[in-house]
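For clarity, chains are labelled A, B, C and D in written order, and residue numbers in each chain start from 1.
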């Protein structure tokens, strides 16, 4: 299956033109790179490109094909996706729901809304305590609380859905 | 005299204290909550005893249980570290009542300095300059507003029992006053079990500069020079350095004198820190005295060569200080960066989680005090401090370059950290020139958060790597399905990533 | 002036040099053999270029290729590190002929000091005391035997081009003379491409004490005090410390004077080391001068605060030394332990292999210069040095205790190391008292190799752990066979070993 | 199957009497231990025994049930074996062969004997070079070289059979 690689707004095709041992000749979009690639630690690669020594660290996610790739200061969020899927891809963008996820692991110390409440942009929703700091999480827009998936004193994980707000 | 020390703390400071115990030939007893069974201080100590469930109130703040463990483990002294019970009068008293040694000052000194309002009163009497402000705030909201108006905005709310930025709020306008007060009281109650809050004038372009004090039980009090701690975010220190690039030799001497006077006024014993605010005209005011080891003590250790934990233990054993004021010199320049598990790009929210990979910076002039290791899960219950990176060099300019080099080597994956943010601080013009005050981070936040300029080449290569890894996994998976057929194919591919030394 | 430095070396010293380049804002170019593609210096440098196959003769000793890479990568200077081509006159000459800067002394100085016999002659002329001995040994076996008898056994065979213990043999009786000579010549040929060997009187209870020299191209020569390197095994240093616990202030001054005289006699430039043998009556003799950075340079850096690699690069750029003799002081005490991949219990045979797990010691007063990481396979082709552990403390006694603490923290699995052996040295009475000479290891070998006294309890627990791990694996395997049935069983069991923070 | 655990000359039966969470009550030989056992890193365990904090590192070998277990200074070589096997276990001891294995990974720089040669105790057999040092390997007893499994310039691995000598 033909695969495309996405990074931010970029979408490029990747093609391996040649490989000999650790040496790869690879085309990405319309540019060609000759790279010497060696895996040095779990998820850590040493790459030589025209003499330059580049270290990249790859962190896979639960979603197949999704990677966070770290260079020295930069971090790229990259998706490898089938070429077919890209055309009709309309996910998330026009969603009329606001899904409030836990921005970090922590404990719910206060729940400030209940189902059916109308909220504005900036309305406080929950207070989440993590690592000794209390963090107030507010609504990013107008709407009605359609679902609350947590309760006070719950421990939540980073990214866990807490509240659903219908616009 | 002291043979076995119980360390009533966790994280990097527990490990750091046990290191010095080990070097002194003392046995160490770690204590832990359920969230910390696999934490480094448990693994590193000679003994480790459970305190209770994860929340600090049931573990690291549980005085009864800690004293019970001290007795069962036959420890003869308790080191409180910083935070938790380190400035708790009851704890110090209970330890002494149990016939054990508290490695810290007298309960009276803790009480006097621990309550910030009492401390202000005492300093006023001792002739040490203090910042204009109030006593404990009254209940009446109108009265509070009136007090703030009288002092003049901006004002600072502070937990009377506070320290480490907890329970502290800067209030710029009357509108923010009451909500901030609520938050400050709540944090103060959770952190210190005491919600008393007072208010102070907020100085212009202030510097936070503190003096390290060391005193024994025989009347000797010395200072170990200052630490410049003005790089703060929400009153939480991020970078500390010594010497301060701001103060002059004359101001340094005057502040040192007042710091010693402050310590003597409470018959201080052990390690303590007298904090000052210094305004842009180099007027200095007593801020508070922390009656414990300070997070940033390593920079003082580096320029003076003195191990402060060992000195604390010796003082607690009744020994006379091993050094006189004239023996102590500041040599070269030391900088500490606090490495936090937090996400600077996302309003600095804490980032607990599993450390997937960690590479510590090493080599000349670099010290790391940490406690995390590969596979360790940073719990959500405690402080987000992962480690402290301390560098030394003969000059400030070289120390900054060394810090940048060390940060370059420091890799932590799995949780987000402020390493790139600290790297940016080291590059910021105001910091490099030593021309900064406590507003530095706020004033430069945009620049400090800016990502590197785009590098198309790196992005292309990152895309290639994702593609190769994905293909590699796909082929592996296929092979699981069809045994013989494709086997050689993916194996070959897999091997491309493995280096064979023969 | 210098903008990009090619480091013609590998291992810890390449990483250490690149660290200083990075702090100076210089670009670094690593070179590597096929065995070192995944080595740390390749990963850590800004650029990395292949030299050739694994054997050093085809890679790190390949002058043509190194100079070609320097040109292609547009490096303007080459740092040779230690070993390999660091004391090779041709290399220094070829670099200069290519219009590049050699970070080291003149080719003349290398030639003069590099050939040990020439050096002896020069020192004789300069009035520096030398050990009684021969010129290059003749071919005739009878003549060699006669020379040895004349000097008197024991005698020392040394490679004329030698260094680092290679090609060196102690001969105690005539029977050992010829076989040892063959071996010395063979090692000398392999290590230096030159099999010339000479003979020296072997001193009684000798100390190996060396002085660090730093000289610029403007006639300034300073010393950075001594290093005591008498803890050796087969002429290979294991522990170095500064100051030496053996010499007096007067001897130190006299040796320093001779060391500077030795350096001046060859118009020395850059970092160099003048080695002396000191007998039990504190008579000292010139042994040799190493015209390069020394493995043990970090202890000098620690007590003087001077970064020797940076100083080398500045001298090579034509700068005047940034410090005068009176600016340089020895402060506190530093000890270095060389951590080797070797098996002390099995006659110290080298132990190359895969590093499965590594934990570096950290904290106050500890520096590690290494290059190994988890998953790195130490190649069989090069030196077994994994890292150098350097500690500092105000006093020697405290430094020893700190070293013990750091060794306690240092965990390396997968290859055998001398860590427990070094730990034993730190506990040996003669070492702790500072009362040792170059025979220390031989004289105390039995004690240094003795395992800990038996601990039944630990053995029992080790047996339990093996049993549990085995059972755990068995159950897992069973589950693979029978899907549904036993699943909950082993999963439960497996979970017993995993800590869940919630 | 009943298993026994061997460490050096010791042979003991291990029995798990109780487990609750991380807390094990275990009998080894005739002694009973209450241990709090947690795996902290791959192959690294933190064990608490009556307050004492013990760290053990387990290194498995190719042979199932064989472990090297490291404590602070001590290293134990431990085998977990079926109880049945122990009785009739007579391996290796009375072997009249001397099997010369490579004591380290390295390169054969010189082979000093050939098949059929008679050797004495101390007769040099091979010179093995590793990490820049040449190491002469000698016969530990009298015999005749029955097999040579290597040749000069070979790279050998730690433990690899090099020469077989028949007594």
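Definition applied: contacts are C-beta pairs under 8 Å (C-beta built on N, C-alpha and C of every residue); 3 or more make two chains touch, one makes a residue touch a chain.
Predicted, not measured: the structure shown is a model, and the values here were computed from it.
Enquirer: Measuring centre to centre with C-alpha atoms, which chain is farthest from subunit B?
Expert: D
Enquirer: Give, as an integer number of Å, the spacing between the C-alpha centres of subunit B and subunit A.
Expert: Taking the mean C-alpha position of each chain, the two centres sit 31 Å apart.
Enquirer: Just curious, how far off is subunit D from subunit A if you go by their C-alpha centres, in Å?
Expert: Subunit A and subunit D have C-alpha centres separated by 47 Å.
Enquirer: At least two partner chains per residue is the criterion; list those residues in subunit B.
Expert: Where subunit B meets two or more other chains at a single residue, that happens at 37-38, 44, 373-374, 380, 408, 499.
Enquirer: Residues of subunit D that contact two or more other chains, please.
Expert: Only 22, 38, 40-42, 155 qualify.
Enquirer: Among line, ring, star, complete and other, which one matches the pattern of chain touches?
Expert: Topology of the interface graph: other, matching no listed pattern.
Enquirer: In their shared complex, at which residues does subunit B touch subunit A?
Expert: Contact set of subunit B toward subunit A: 166, 183, 186-187, 190-191, 341, 343, 346, 349-353, 356-357, 380-384, 408, 411, 413-414, 420, 423, 451-452, 455, 457-471, 473, 496-499.
Enquirer: What does subunit B use to touch subunit C in their complex?
Expert: Those in contact with subunit C are residues 15-16, 19-20, 22-25, 35, 37-38, 44, 54, 298, 301, 305-307, 331-332, 359-360, 362-370, 373-374, 377, 379-380, 393-394, 398, 401-402, 404-405, 408-409, 499, 501.
Enquirer: Per the contact definition, I'd like the list of subunit A residues that touch subunit B in the complex.
Expert: It comes out as residues 3, 5, 7, 10, 12, 14, 16, 19, 21-22, 24, 26, 28-29, 31, 33, 35, 37-45, 47, 49, 54, 56-60, 64-65, 67, 69-74, 76, 78-80, 103-107, 130-135, 155, 158.
Enquirer: Report the residues of subunit A in contact with subunit C in the complex, numbered from low to high.
Expert: These residues of subunit A touch subunit C: 22, 36, 38, 40-42, 46, 48, 51-53, 55, 155.
Enquirer: Which positions of subunit C touch subunit A when the two form their complex?
Expert: 29-30, 37-38, 42-49, 72-73, 373-376, 502
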